Amino acid sequence: MKRVDLIFSERELDKICTAIDKAGAPGYSVMRHVTGRGPNGEVSEGMDFSGLGANAHVIVFCGADVLAKLRSSVRPILKYYGGVAFVAEAESF
Amino acid sequence: MDTSLVLQNLLSPPVLFFFLGVLAVLLGSDLDIPSPLPKLFSLYLLLAIGFKGGLELQHSGLAGQVLPTISAAVLMSLAVPLITFLVLRTRLDAFNAAAIAATYGSISAVTFITAQSFLGVLGVSFDGFMVAALALMESPAIIIGLLLVKLAAPQERPGGGEMSWSSVLREAFLNSSVFLLVGSLVIGFLVAQYSPSGVTKMEPFTDKLFYGALSFFLLDMGIVAAQRLAELQKAGAFLIAFALLCPPVNALLGLGIALLLGLAQGNALLFMVLCASASYIAVPAAMRMTVPEANPSLYISTSLGLTFPFNIVVGIPAYMAIVQRLIPAT
Amino acid sequence: MDTSLVLQNLLSPPVLFFFLGVLAVLLGSDLDIPSPLPKLFSLYLLLAIGFKGGLELQHSGLAGQVLPTISAAVLMSLAVPLITFLVLRTRLDAFNAAAIAATYGSISAVTFITAQSFLGVLGVSFDGFMVAALALMESPAIIIGLLLVKLAAPQERPGGGEMSWSSVLREAFLNSSVFLLVGSLVIGFLVAQYSPSGVTKMEPFTDKLFYGALSFFLLDMGIVAAQRLAELQKAGAFLIAFALLCPPVNALLGLGIALLLGLAQGNALLFMVLCASASYIAVPAAMRMTVPEANPSLYISTSLGLTFPFNIVVGIPAYMAIVQRLIPAT
Amino acid sequence: MKRVDLIFSERELDKICTAIDKAGAPGYSVMRHVTGRGPNGEVSEGMDFSGLGANAHVIVFCGADVLAKLRSSVRPILKYYGGVAFVAEAESF
Amino acid sequence: MDTSLVLQNLLSPPVLFFFLGVLAVLLGSDLDIPSPLPKLFSLYLLLAIGFKGGLELQHSGLAGQVLPTISAAVLMSLAVPLITFLVLRTRLDAFNAAAIAATYGSISAVTFITAQSFLGVLGVSFDGFMVAALALMESPAIIIGLLLVKLAAPQERPGGGEMSWSSVLREAFLNSSVFLLVGSLVIGFLVAQYSPSGVTKMEPFTDKLFYGALSFFLLDMGIVAAQRLAELQKAGAFLIAFALLCPPVNALLGLGIALLLGLAQGNALLFMVLCASASYIAVPAAMRMTVPEANPSLYISTSLGLTFPFNIVVGIPAYMAIVQRLIPAT
Amino acid sequence: MKRVDLIFSERELDKICTAIDKAGAPGYSVMRHVTGRGPNGEVSEGMDFSGLGANAHVIVFCGADVLAKLRSSVRPILKYYGGVAFVAEAESF
């Protein structure tokens, strides 16, 4: 089983969730109001009220087959708008 | 007289709380207003300003200067980005130039509200239809911004297919600040017409609290604006100069139109402020979506870190001084 | 006259802001009121309605119609789930039928508050003890809901051992909305009796702000209710019909009791609204804990997506029209 | 060392924390206001004020022995009320 | 007369809502006020109390009792930690003794505000400069706390090199509550002097809402204080006795000084409350940073779980009873 | 690639972020308002308004070289003020 961590601007949240659904993931989890720093600069809490907003951190636990589909549905969005993603191993509890 | 205007502005609670926020950052205090509290105040201010504008619009009706003024405001939100784009394009790529141009064609509701409060303190009247002008200046700027990108940089965009016109139009006309402002304006209008007791019962919320809530919000804006100052180095001297010169130039353009339209003192100041201010909510949100190639820290930092403080602190009283010189009090 | 009532309701600020929220979702605006801001408003409304009810209860005392009305309200919160359960059981399993029945036996404080505001606009008076009725209708419905499950589905529950009576009773009587409402009611009562200057000093907060805060909260409720609409397909035609027919039927039951008790116009309307409304805070919370087998989206979507808007928009003025026809103004 | 991620309705937070304590975990970390989608449907931010609330995401870093005890104390709660859990490898920093 | 004072305090809305919060925890209700809503209220209260204090300070000027009273307050915030430290050191290590001593040398703004509201209900006047005293008592206590650690435990600290004096001074003078309080005080002063219309427009926010917002916040404080009670077992009998005896002893010290200074009833009560109260915001934040060896649950639990409720519920009316006996009403 | 999870009082957030930057991490992600229990006792939501505040949870995805530098810049802070940290394997998405 795989664990995918996606971190990106919360403005793209709907797009990413749709892409996750399309990939057939069994579920996902969303944390908002996340700040941080990445290749595209810093996202600070002070900007939360502005049009740019903060980041969202989405976690997907899924099988290896879904991971492949996730890659093709989610990667273009991250590439176009920014955001990062990482994969790790996990097992069910 | 001018210095007295400047002082009256500097020593008003909203501006003083703005300075307090700036000071907190400069001195390294850990004062912060955690999210989503600033959002509460910004939603409240939009709702209240829209509602009050609607009430007054119903009282004044749509005759007289209303339609000409609103049309002129929309024209300015189309013209300013075009002019600005030409200036910016001399130094920046098409994406950044278009995004910044759209930002400056649009408006800052909080600057407008602060100008209204300033007029209130001076006892100078203004009309509710100016809120309609405010509401209608965000969308055109967003659309022009995107058109500029399409025209000036068509072949360079790899993921451009992503962006559909329908989502751009939705972003332009239905983004949360335009939607809440226009919606509250219409509600204010309807309530004033059909439910006078509703007006009275809303007043303590939309009217009495307003000034204090604005002051509280400006405390946060001071913090945020000062945090942006650090980033300005990256923007460079050209953009810094742009962010400080654009407001007075656009304000003078606005003044010319106000004179042509024969606006009274209060409306003239608000018209100038609409032209002089730049967006940091609706337009950045739209630009992030439609022009992701542009660097957000450029358009946000100039608009929020320089243009906003400039207008709040120096601009509003300066514009008013000119207005008082050129337009007789009524 | 009836159309004027409907219009007066439709064109009041709270209902208009509710529509604005619905519209935001339908048009795809990104307007949203981030958590926990809605919680701020819902806590505020409960505190204020309880406090004001306590003040008025102290003025009116416990004599006259007070105890009969409150007893009738409690009886209704026991009777409605039983009747409703029998209807629902024809199509649903025992768990879902019991959970929905409990939801409809209980009340919606915001619907009640909107009805009070509506009466305020009409200038029709009502009594503080109706808030006590409101407060006392949540717990019995929760307990009945659980009893129904115990009786109708005893053998089918694998993890039923988890749920102890003490935790059910705590959930019924000490859930946050009942607790805050009753607590504020008692505080209002005590303050009115012993600390008159406390009453005056609380008023700007609990009274003056109330209408505006309600309007703001209904903006959020409109967003949430509209988001639920999409889920209603899953609920199916039977539940949709149920959610729209249950309120008027229960309102008429309530009207009969109001006539028997000889309630005046204002109290009669509020009594009908108590019977007609369904819970979306306390009871869903309790059902999630005590009947996890039931599908939350069924009881929440019907209550929040249909019954709530129905009462706010159509129900309140319709019930009032009947009240005005059958009960003479005083 | 193990990392356990538990995601479930925040209404069960007290129960789960008690179960984690009972299993002898050296600590845990709680994030609230989490939304998402899982086997039991969607949990959206809009419901945060309602009685159902949002999700909580609890993380436990613990040894393999504690993991076994966690399984027996936490699993029944997740089974009865809903919620998911996953395990991964971790080492101390 | 004393019982009537106690009752008037117990039956005031702020104290009753405090009890409601305590009750919620004791009974196991799930009532909670999610973060960051409590922060909204605590920021608001600091801003409003500072602003109002500044207005009044401008009216009264700096002559007369102002400077002596403020100086005495600062002296007390230096003396109390020293005395307290000696007592605590008999049982605790130097780190914990110093952290708790600093906590008790400092003040609790909410206790002060509750005392002001109590005076308001009694109709006893007090002066704006007491807010300046409030603001100036946090920083010295923090510095003394750190000096005590340096002197009493110099060789025992492994990571002590981490902590620079500049960061300690910043924490002492620029922590968010001192900064916002002093800043709002200065703003209130300036606005009262130069912008009288600003005063009027701020009033509904800073003045009218104040009492209700305090009540709402005390509901949360009741919840938080009661949650701390459970932790007190770990503190042990010595610290429990300390937390309950320290306030009255310090209040009596404060009374002595108030008599020496010839303060009127209202100011004398506020001076006693400043001496009797302990910090749970600024000082714990500073101690966590500068004395991480101390156990936060010791200084927070005593201050928030015992001293704060003691002062709010019993202390304020008791101190007032003594004041009324010893100082003639004016 | 490594995933580092750091959980500590949000009062030390600035210090930790500076240390992460100093270690040359390509980015990091911050969640605030985290509660929990650890070696130094419980951190509950009720204390969020007090001077102590809640916890922050910082995640860093970085290479093994950065991890070593992170250890030397971040560990002393956690040791002095409290807080925990854990490392796991991850790969890019």
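Think of it as A, B, C, D, E and F in the order they're written, each chain with its own count starting at 1.
In this text, contacts are C-beta pairs under 8 Å (C-beta built on N, C-alpha and C of every residue); 3 or more make two chains touch, one makes a residue touch a chain.
What you are looking at is a predicted structure, and each value in this text was computed from that prediction instead of being measured.
Asker: Centre-to-centre on C-alpha atoms, which chain is most distant from chain D?
Answerer: B
Asker: Let me check something: if the centre of a chain is the mean of its CA atoms, which chain is farthest from chain F?
Answerer: Most remote chain from chain F, centroid-wise, comes out as C.
Asker: Taking the mean of the C-alpha atoms as each chain's centre, how many Å separate chain B from chain F?
Answerer: Their C-alpha centroids are separated by 38 Å.
Asker: Could you state the distance in Å from the CA-based centre of chain C to that of chain F?
Answerer: 45
Asker: Between chain A and chain D, tell me the centre distance in angstrom, where each centre is the average of that chain's C-alpha atoms.
Answerer: Taking the mean C-alpha position of each chain, the two centres sit 20 Å apart.
Asker: So, what's the distance in Å between the C-alpha centres of chain F and chain E?
Answerer: 32
Asker: Going by the touch rule set out above, which residues of chain E reach two or more other chains?
Answerer: Within chain E, the residues that touch at least two other chains are 32, 34-36, 39-40, 175, 204, 208-209, 285.
Asker: Identify all positions of chain A at which a residue touches two or more other chains, and write them in rising order.
Answerer: 31-33, 45, 88-89
Asker: Give the list of chain E residues in touch with chain B in this complex.
Answerer: 35-36, 39-40, 43-44, 47, 51, 170, 174-176, 179-180, 183-184, 187, 190-191, 193-195, 197-198, 201-202, 204-206, 208-209, 285
Asker: Per the contact definition, I'd like the list of chain D residues that touch chain A in the complex.
Answerer: 4-7, 31, 33-39, 45, 55, 57, 71, 74-75, 84-89
Asker: Tell me, which parts of chain E touch chain C in their complex?
Answerer: 7-8, 11-13, 16-17, 20, 23-24, 27-37, 40, 117, 120-121, 204, 208-209, 211-213, 215-216, 219
Asker: Once bound in the complex, which stretches of chain C touch chain D?
Answerer: 32, 34-36, 38-39, 42, 159, 162, 175, 220, 223-224, 227, 279-286, 288-289, 292, 295-297, 300, 304
Asker: Please output the residues of chain F touching chain A within their complex, sorted ascending.
Answerer: Those residues of chain F that touch chain A are 1, 3, 17, 21, 26-33, 59, 61, 88-93.
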